[in-house]
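So that you can tell them apart, the chains are marked A, B, C and D in the order they are listed, and the count of residues begins at 1 in each.
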């Protein structure tokens, strides 16, 4: 039973990361942009797991674990912030939330 | 073709899946009958009675009814999600059962253990993973039907499921600590012995009876499956039926089947974790107990025969004859040693599961529905702390010997 | 063409398509669902890589909790179709090309990178899956302090979320 | 060995007193302030006595006692400890400082009784004592410099004590700035010291200096340079030519201050420093000659100026300058012990003179002009007698303290190791002038008829807390010199013997020329008592008597006949005017037209404002980036990421 080369996984993670960046730049909805960030995190996680697999070490997996946990915390706070913003501005369009400028 | 021979697991798994699906579908159908019967008798009614003997054909009738109902989609509904939701719910609910071992792994066919579809080394985690996905079915259903009440129902149910999932998991972790594994078969093996070795009762060195854990688990599970008294999402009185208000015909049926499937899943989980899974409650030495299944079936057959002769009339009588002969044949077949060996595990397993299902129905029939804030405060302020305390105590008891030996 | 390859390519294709859907979809809910799909397929890839526990955690936490939270918020705020405003000329003209360039560059890099080649030559050869026991040992012995720190972080995050979301009387 | 182990106590006591009085004293009643101020100094004096007792028990090899308490500065090899040391010289100085300052404190309680800022005065005095003790006890140059600057600060504060008086303020400033010129040279000297010897500890420096032969320094002349620089500091601090001008003006301060700081202790710091540095000076003959020359010239010129002053304190000030000149003369001709000896005696009688003068001024109700006085002898007898004794002492009448010390100095100048007959002559004439103007002062003040208005001014003797210090000092001025009595009969006097280790330990080996024609002690005594100094002192006394008692109109006639020199002296050789024209005005002009209008306004302000303007304008351009549109920011991030990626892949070639 042959093994899928690690580089495949790396390429996939790179592609997903790039897509995440594109989404990050292209989308206007705050929540969606937030999702783009999560997507990037996932891509990085994939790379982590792949490397851990490559070197037969568990540290990569532990890191993924931590990344997931931190992402959970981050999304909790972030969504709370988004809710507050929405209550104040009645919009989710990032381009309409531009008070903080020169 | 050689690809198939390369991977026999595919064939076996496929066969097992098909079999499981068949069994499951019928079970789901007859669970509704079971529930209605039990509730009826608790409320001193007869329940379904006229469609076939003891209303045994009622589920069939319901199915037909569902199939021929008009399938309408509310205007302005997000069609894709609207269709996706029930599928998601049912699929996920049924997928979990693939992880459940109905019998000992010793029973094998083509070198694969037969009575479990996927014997994962982290079965418990996988089950939780899939059940945790189950929220989407309801939430999306509520959102996509583009209507006020379903949305509220969806919100409620997703909130409720998320909150109670925590308590559910925590209640189970105690057992995981005791058995030191996430694989179901190993867990069950860890409880081997008579019924006092089951996790719920066993009080030995470095072990703590999980009775509290079980109670927490059961309550959390009831809430998780949106069953009474925690059936807020479909609280008819305030939500006109909750997240599936806008659903009709077979999609509606799917939701119901999903609910029943979830009930089965959590009951199986409870059985495995707390009641020793497919183990027989009696010590190994009582070999004669191995004949309990056939005897029970034969007794059932006798009763049915009496029923047929004395009570039944017309169609029902014919139907009863079929059932009776079926029971008789199976019972006799079970006397054959091979079948007897195979039947042991599933028999006890299903018996326990059935008992827990009965508890389910029982609670539904007896307890009134909670208010939403009560539900939340109960989940967060009572269930969670208790489960945590149980976890703490268990961990302490488990490491106590080490501490003592260390001095 | 063996089973792992099939699984890999199916899941990879799913993930990429889902990511594209995330970008193209105008309904936030659809984006969320697409992201869930990405995560699930990634979980399968983790299984393929032998990281069962991580796969389970990925689904439980990410798909089962975080994304549910997203969906929940979207439902709560009843976020409608995204409006395609283009106030930021920079993002309008430069954003997409740069993103695509970055994607290609990274992919090329990963494909050509020394480490990638080295591993492609079957360095991580073993097929055995990581046992959860070892992982937990790592987590609770080598990485105990980070673990505790993360737990504190989560606690703080919960408090912060409460403070932010509660209606100020 | 308690005190010697904890030398810091001696320093800490006055500091404590200063802190208490300075920080809390505002609400204290006078008795408390007195007890704090005097008490701290008294304790310091007692601990000094104890120190002397312990010191007397030490064996020769244990001296000097050096105690290092903590490391103060460390930079590379430049390491300065807070370390104190005690040797014979230190003992002498400590005695002078603590004792005189104690008396002055007591005196001040009477003299300053009716002044504003009573507590301030005492905290300043204590602070001064603290710094002075630091200067004396310091075991390395840097710490000594701290004391050096500190006393300067205190002198500034005290001169300007009546800071509502414009003249006082400007006098304070003058003192401070003039001294600072010398201090600058002193700093450079210290740096040069470290650069040469890689250390600032006296012991280390002296050891090296002793081991290195003078020839080692001869080519570079670095040792001479060091000595000259240090001596320039001394010039500033102890008011020698050409920087003496601040001392007379310093008389604006309260009289006790003049007595303590500007007569007894601070101004002698320079002398102490030179004496302390004797191993270096002994190896720099040229520097030695300069010291002697400056001393002699100062002694002479200051005396000449003193001749014609009418302000009682001014006269004393100039006499102080000239006496300091004598000390330097002594040091310069290699008679360190004599110089220090004169320092001590001078501390006694000049302190006494000032205090007595203060008492006179007190009696006259603040008037300082001698022409307004006269005939006070019966009205304030104690003051009169004390001042009379002091005058005898300073004039060098045999039997009084000044006689011994001055005689020794002149002796050394005439026949010492590096004697110089011209310097001796200058000193001799100066001595005559000294006795003349001192007796002039006495006669003008106490004899003749009262020239003041009896009804306006009610002359009265000072209270006891002022007179008692006078009496004590008078006694010391009388007997203080007798420790050197054996010198007269050709033996080494006790004082010199006591100080001998300090100056002999590192002294360069000089071939002792055989003493010529030893005479019998009797003959020597006769010679000493009938030597030039005595005769010329008596001459001065007589002339003064002739001028101001016998025929009081003679001076005027003399002034008429010799108008040019008289006015020259009256205007102190126009030195202030000279400095003003030669230094101050050009300096003002430069700093106004060059430094201020050109350097400061155009260059510095230009640069600063320019930077600010650039920042502001670029900011107003750059802020356009802050569009507030997060998508733009995201794009910027992406641009950055692209940049990094291009770098890593393209330029750094991390792909392979």
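Following the convention adopted for this analysis, a residue touches a chain if its C-beta (ideal position, glycine included) is under 8 Å from a C-beta of that chain, and two chains touch if they have at least 3 such contacts.
Since the structure is predicted, the reported quantities are computational estimates derived from the model, not experimental observations.
Engineer: Using CA atoms only, can you tell me which chain is the most central one in this structure?
Structural biologist: A
Engineer: Taking each chain's centre as the mean of its CA atoms, which one is most distant from chain D?
Structural biologist: With centres defined by C-alpha atoms, farthest from chain D sits B.
Engineer: A-D versus B-C: which interface comes out with more C-beta contact pairs?
Structural biologist: B-C
Engineer: Could you put a whole-Å number on the gap between the CA centroids of chain A and chain D?
Structural biologist: Averaging C-alpha atoms per chain gives centres 77 Å apart.
Engineer: Roughly how many whole angstrom separate the Cα centroids of chain A and chain B?
Structural biologist: The separation of the two C-alpha centroids amounts to 36 Å.
Engineer: How far is the middle of chain B from the middle of chain D, if each middle is the mean of its Cα atoms, in Å?
Structural biologist: Computed value for the inter-centroid distance: 104 Å.
Engineer: Just how far, in Å, is the C-alpha centre of chain C from the one of chain B?
Structural biologist: 31
Engineer: Residues of chain C that contact two or more other chains, please.
Structural biologist: Residues 2-3, 53, 57, 65, 69, 74, 76, 87-88, 91, 95, 98-99, 102, 106, 109, 113 of chain C touch two or more partner chains.
Engineer: Could you check chain D for residues that touch two or more other chains and list them?
Structural biologist: Touching at least two other chains: 627, 629, 631, 634-635, 638, 641.
Engineer: Would you mind listing the residues of chain B that make contact with two or more other chains?
Structural biologist: Where chain B is concerned, no single residue meets two or more other chains.
Engineer: Throw together a list of every chain pair that touches.
Structural biologist: Going through each pair of chains, those in contact are A-C, A-D, B-C, C-D.
Engineer: Using the touch definition up top, name the residues of chain C that touch chain A in the complex.
Structural biologist: Against chain A, the touching part of chain C is residues 2-5, 8, 12, 15-16, 19-20, 22-23, 28, 31-32, 35, 38-39, 42, 45-46, 48-51, 53-54, 57-58, 61-62, 65-66, 69-70, 73-74, 76-77, 79, 82-88, 91, 95-96, 98-100, 102-104, 106-107, 109-111, 113, 115-120, 122-127, 130, 134-135, 138-139, 142-143, 146, 150, 153-154, 156-158, 160-162, 164-165.
Engineer: If you look only at chain B, which of its residues touch chain C in the complex?
Structural biologist: For this pair, the touching residues of chain B are 6-7, 78, 80-81, 84, 120-122, 125-126, 128-130, 132-133, 135-136, 139-140, 142-144, 151, 154-155, 158-159, 162, 165, 182.
Engineer: Please output the residues of chain D touching chain A within their complex, sorted ascending.
Structural biologist: So the residues of chain D in touch with chain A come to 623-624, 626-631, 634-635, 638, 641.
Engineer: Flag every residue of chain A that touches chain D in the complex, lowest number first.
Structural biologist: Counting only chain A, the residues touching chain D are 21, 24-25, 28, 33, 94-95, 97-102.
Engineer: Residue numbers of chain D touching chain C in their complex, please.
Structural biologist: 627, 629, 631-632, 634-636, 638-639, 641-642, 645-646, 648-649, 654-656
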